[in-house]
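Chain naming follows the written order as A, B, C and D, and within any one chain the residues start at number 1.
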Amino acid sequence: MNRAAARMTTDAAATQLLTAIYRDVRSRSVALAAPLSAEDCTVQSMPDASPVKWHLAHTTWFFETFILERWARAYQAFHPGFRVLFNSYYNAVGDKHPRPERGMLTRPSLDEIMAYRRHVDAAIERLLAQPDESGNEMTALLELGLNHEEQHQELILTDVKHLLSRNPLGPTYAAGDRRQSRSTVEHAWISFPGGLHEIGARTGTFHFDNEGPAHQALLQPFELASHPVTCGQYRTFMDDGGYRRPELWLSLGWDTVRSLGWASPSYWQPAAGDWLEFTLQGVRPVDANAPVCHLSYFEADAYARWAGARLPTEFEWEIASARTPPDGNFLESGALHPQAAHRPSSGLAQMFGEVWEWTQSNYSPYPGYRPAPGAVGEYNGKFMCNQYVLRGGSCATPKRHIRATYRNFFPPEARWQFTGVRLARDAG
Amino acid sequence: MNRAAARMTTDAAATQLLTAIYRDVRSRSVALAAPLSAEDCTVQSMPDASPVKWHLAHTTWFFETFILERWARAYQAFHPGFRVLFNSYYNAVGDKHPRPERGMLTRPSLDEIMAYRRHVDAAIERLLAQPDESGNEMTALLELGLNHEEQHQELILTDVKHLLSRNPLGPTYAAGDRRQSRSTVEHAWISFPGGLHEIGARTGTFHFDNEGPAHQALLQPFELASHPVTCGQYRTFMDDGGYRRPELWLSLGWDTVRSLGWASPSYWQPAAGDWLEFTLQGVRPVDANAPVCHLSYFEADAYARWAGARLPTEFEWEIASARTPPDGNFLESGALHPQAAHRPSSGLAQMFGEVWEWTQSNYSPYPGYRPAPGAVGEYNGKFMCNQYVLRGGSCATPKRHIRATYRNFFPPEARWQFTGVRLARDAG
Amino acid sequence: MNRAAARMTTDAAATQLLTAIYRDVRSRSVALAAPLSAEDCTVQSMPDASPVKWHLAHTTWFFETFILERWARAYQAFHPGFRVLFNSYYNAVGDKHPRPERGMLTRPSLDEIMAYRRHVDAAIERLLAQPDESGNEMTALLELGLNHEEQHQELILTDVKHLLSRNPLGPTYAAGDRRQSRSTVEHAWISFPGGLHEIGARTGTFHFDNEGPAHQALLQPFELASHPVTCGQYRTFMDDGGYRRPELWLSLGWDTVRSLGWASPSYWQPAAGDWLEFTLQGVRPVDANAPVCHLSYFEADAYARWAGARLPTEFEWEIASARTPPDGNFLESGALHPQAAHRPSSGLAQMFGEVWEWTQSNYSPYPGYRPAPGAVGEYNGKFMCNQYVLRGGSCATPKRHIRATYRNFFPPEARWQFTGVRLARDAG
Amino acid sequence: MNRAAARMTTDAAATQLLTAIYRDVRSRSVALAAPLSAEDCTVQSMPDASPVKWHLAHTTWFFETFILERWARAYQAFHPGFRVLFNSYYNAVGDKHPRPERGMLTRPSLDEIMAYRRHVDAAIERLLAQPDESGNEMTALLELGLNHEEQHQELILTDVKHLLSRNPLGPTYAAGDRRQSRSTVEHAWISFPGGLHEIGARTGTFHFDNEGPAHQALLQPFELASHPVTCGQYRTFMDDGGYRRPELWLSLGWDTVRSLGWASPSYWQPAAGDWLEFTLQGVRPVDANAPVCHLSYFEADAYARWAGARLPTEFEWEIASARTPPDGNFLESGALHPQAAHRPSSGLAQMFGEVWEWTQSNYSPYPGYRPAPGAVGEYNGKFMCNQYVLRGGSCATPKRHIRATYRNFFPPEARWQFTGVRLARDAG
């Protein structure tokens, strides 16, 4: 086999693989909506959340706007109004429908959105079947689009959880099995040395622009808790007057506690001396051994102060987690869902895929950070204000999406995401 | 035929008639929802409006709560949670779901609500097939329930119009025929004498409690315009700076104009020097000869001041309309939809079924007014504050529902109803 | 003495009298501010209230703008900026400083405002010393200006009371004597016949435009309570759960009770099982025999419903009070306009000068009402929306200002005025 | 002279010096209020600002609460209510008067506050005349109190500027000389090497707890602009559509621009094609060569993006400024506390005492940061959320108060402080 033929073969294999990943990611969004009615998919329960239908359309709009409009010859837009309707925040693309109005869109129907998805999917697959003449730019945007869709897959779950929680009839998203009760584990402090460490993602594998450039950071010696804080531990904080003692809180956090009347994590409800929590599987008793979830930054920070500890910085978190060698490589293994990219070792447990863990790090650019050119440059940088970095990924995060350098971010008062806390402290 | 037999026959006929009316009214609600998807029926576009699904359920709840719970032996509630969920504002019935949260109820589904309607309808029909042992109390509540449902039929249309207007794709409720353009008519002043007149509904026919008791009112001689103000006339007001001249407005009205940026009736949009309006049949050019619609009390009042006239009082309106003898009696004629209970005469035209006409009368109790005892006493009296009376009924009002003594009421800033204006002035 | 001389003498006497009244009214405003510091006079405690300094300036502005600018030859405005700064709401006069910003005006100082008053007073007195060539128009506006100032004298007291109540140190406006405790009186129902009655002020004596034109009104027989509701009676309502029972309230009232957390009249505070109230003389125990004060329309209405009664209409109130022959003549006490005044008789007591009594009457124009031409026509008419009429005058109302036809008006949620309630009911 | 005598002498000298500093700082607050009337000192123009009277009282409260209550034997509080009234935010001290209510306090009067100051000053001086038996803790708190008062001295100026700017009469704080127009200077980029640098204040001299502990930080090579951005440069940004181009702004910044309608720095007003600015000396033309001032973080950041640069980190700023050897000694110039100061060198100019310069650094704790124990520990740490660090000090900052390690902080939307911007960029 000569070189050209070899390359063709490789290209064909790569195209097949990319097409398979595309299909897999796209089909998982549809699967997430499957337990929901068209009505469930239409309503917006608060300005921060979006209707499921909107997520399904907006992720499709991403492929249509950034890929098909540019590279698909003779592509016919599915609907001329969608360009504005499903633009989230890209000013470079033009007008956009106001975010708090997303729930007004009873039309297009869910069926039409599904047809929109099929229309775009077919065009993308046709495009993938052709040689990529963009010098990999198209493939890079496709990968970005898939990661973007995975982010919205998590939002579908968090947003529908919020919506269903507002219904006094106590509906469930999916009957599912009752989540297994966790067993008690011993929490320990794990020590890490200080010094200069490399932080951030290197070029070569996919990552969002905010994960780079890779650079050196200086750390002091520190310790990290082996496990995230559990519901049982958090109960002790609550029982110790945690929500009534201003000295434990940031000033802004205390204002929030009082004005919103917080007295427990979100979705918890008192019941005869105990606590229940609303979940996607319905209302259940709080599991004392499970990681506490749906905490704001303010609560995570107050808990840490009460516990005589602090939140980790995002650098501490990343360095610690990097000591946990991955047990698989997505491409080598060929697996689409490598289950345990993140085997706990060195004593750290539940770092990935349990709860997003608040860090004390403000979401700000790494030294030398440059947003990508063009409209997709609006993806990350412009949100670098008044938000805090979370690390690790939650039970709602697609597995393919989790990595050590990943920087999630939310405002300090946000609670509707699957957010928890792992303690840190300065090394003795 | 002896007396008892005669009476039995009469009863049977009355039952048949009542059952027929019940079916007719109930089926019209379902027909109004027919052009809408489940998604359309679920969303709440503002706190003042309710989802169509909620209207369909709440009207059913009324029969279930006030009739079936009381008189239907062994009646099984369709769903135990609905008693709270679909209670609008009856404190005597117990808890209620907060009004601004009605749009959160993606469940129960529209299908379930339709099943709820059928469940209650069947129980009501079974009840109607039995002798009424309540001494007519049940029949009176049934008639109240039907009139209540007719009110919500109008709200279904006004609320869905508001919802669809928020969608930038310009959806339609029903394709329908394009409404015929009106021809120009000559407007005239019609004179009415002053003196003592009887106002309000007498006992004997159905009316809401707020229409009584009948009583004498003293009027000065006055004149009423033969027709409601047209869009063309209102355009002249707009072109004369109507929305920019504070001297034409009530103080509260001027504040509203400025804070909400009003510059035309609701649903109007400027288009190349002309005006379009959003309607249930889509966006169309404003018809200069049609009655102007979707005005607030503030706009109606400002227009009247600009025109050197004033709004009529509700008594003037009622007396003037009463000079228009009805051409049919519902029970005598046996007709379910007497089309022209309200033949214009004496020069007055378009008094009924065009637009609700704002009067200058504050919505307040008639002398001697007493709310009905029990929960249904919450129907009218408690809203008698900061609202103004409208008379006549609109194109969206069920025909059976229109009558000369009918008092509709809305706050002065409300515009999403089909509301217009007819001028009055003191007699020379 | 010939005619001309006689007339000259009469004119001179009238001028002297008018000048005396002018001085008297103007000096009373200054006297009301005397117990206050410049700081007290500067702050605005809520948008509804104005700083005392602003009242002192605005009342002066009225004379400067409507009289001196027009009739005083070569009048030099005190300060060119004041025309806008102290315009309250007269659009015809031009721009105005925004109402909620009145408290930002630390300059001009109180001293400067006092100098402004003296400047205008001197010019007015010079003008009064000249023959009125305006055909009485100037005198009429002067009288309007004095009545306007008297209204603001009451507002000075209500607004400073609100301001001082916000100070946790419990300051007093004036030490004064402790108000005498009232003795218990027997409350009775007083009957009045129905029929046609004349309502409103006739031309010939001073009145605001909203008091006319005089016209016939038709009343049903009714009864009025001999006394306003006392604090003790109101306590019984409170103790009977008055603020916790929605069935007693207008819907809008109940919303207000809950959103503002009302549980007593304004300025009351619980103290060891009893109630204290904040007054202009400091905090004191509530006097069970004194008329209850600082009630909203909502509370007055709820109390009446609880008591099995209702609020009077403003016509009932006026007719009843007119049956009370005057017990004094203001001329004797140096006042100008002898008004049929205030001697309780026929059993009615405390009709005038105790508390403003809420009526159930919406503030709306009398038949044939026309606002005065020009800027002063903005005085009353444009406020005729969502307000209710109060009658009688309070302890803070200047005595010269009280009369049977007087229509005060406030929105139904207002509580910072001296407002109370007298019950009415339909006659047997 | 033996040792004890020597020490006594030293102590006496130290006491004299401390007393002199105390008098100096305290008297400067009084001097700042001197051009203001009692009315000017009473009003609160927005929740973020406080009345001057409140600043004068609260700084006094600090000495009374944290020093006199603890160490002054038999100290009699000036007024028992002041402990709550003038507590700003110290939860450990107990209740506090709500911040937005500070402008309600027309009493105590300015005169009483001045008496309060004298009362506390006398007690402090008596205390200083005695040996400090607290092991320097008292002296440390006194120094903290003086620095605290200096912070409020700057706030007096920023808050009164905001207040006076709301007055349409255009008042001035102080006539003063017209500030001299600046001459044009050449702006240049100054380079600094990367590497490990020491950041933060060492123990031994006074600093706030947030300036420590001193620690190593790793920097990349960078460049800093020689001068802050001038008004003229900022005008170019404005003329280039700076306020109308979303791509230049953080997402939150763009929301703020649109919702608040920003189109220029605060206090600027357009005038016939040019710009004026409101200053403490009145309204004047904008000086193109002066540093632009009253920018929010959002505007500083947008300007930097437009200019192809970025904001410096606070570490870059501190390192750069530390390379600037002091050009003078405050003692020589009559100041009490010689600070390593501020001589521009190595090309950097106007680093201190012109405008507070926004950095891109989120206000967060240094590694190893611990708040002081007790109530004064509430001084800094609890505000470490959603604020950005500013460096350098402004024209309103007391000279004694300026130092290289000083960390000022404000939320990104704040504009009423004297805040500007100096550009940075990565080294070639």
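By definition in this document, contacts are C-beta pairs under 8 Å (C-beta built on N, C-alpha and C of every residue); 3 or more make two chains touch, one makes a residue touch a chain.
Bear in mind the structure is a predicted one, so any value in this text is a computation, not a measurement.
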Distance-maximising chain from subunit D - centres being C-alpha averages: B
Inter-centroid spacing, subunit D versus subunit A (mean Cα positions, whole Å): 39
Subunit A and subunit C, separation of their C-alpha mean positions in angstrom: 62
Geometric centre distance via CA averages, subunit D-subunit C, whole Å: 48
Numbers and ranges of subunit C residues touching at least 2 other chains: none
Contact graph of the chains (line, ring, star, complete, other): ring
Every chain pair meeting the contact rule: A-B, A-D, B-C, C-D
Residues of subunit D touching subunit A in the complex: 89, 91-92, 196, 215-218, 220, 246-247, 249-254, 297-298, 360-362, 364-365, 367-368, 378, 382-386, 412, 426
Residue numbers on subunit D that touch subunit C, as the complex places them: 37-43, 45, 81, 84-85, 97, 101, 103-110, 163-164, 166-169, 171
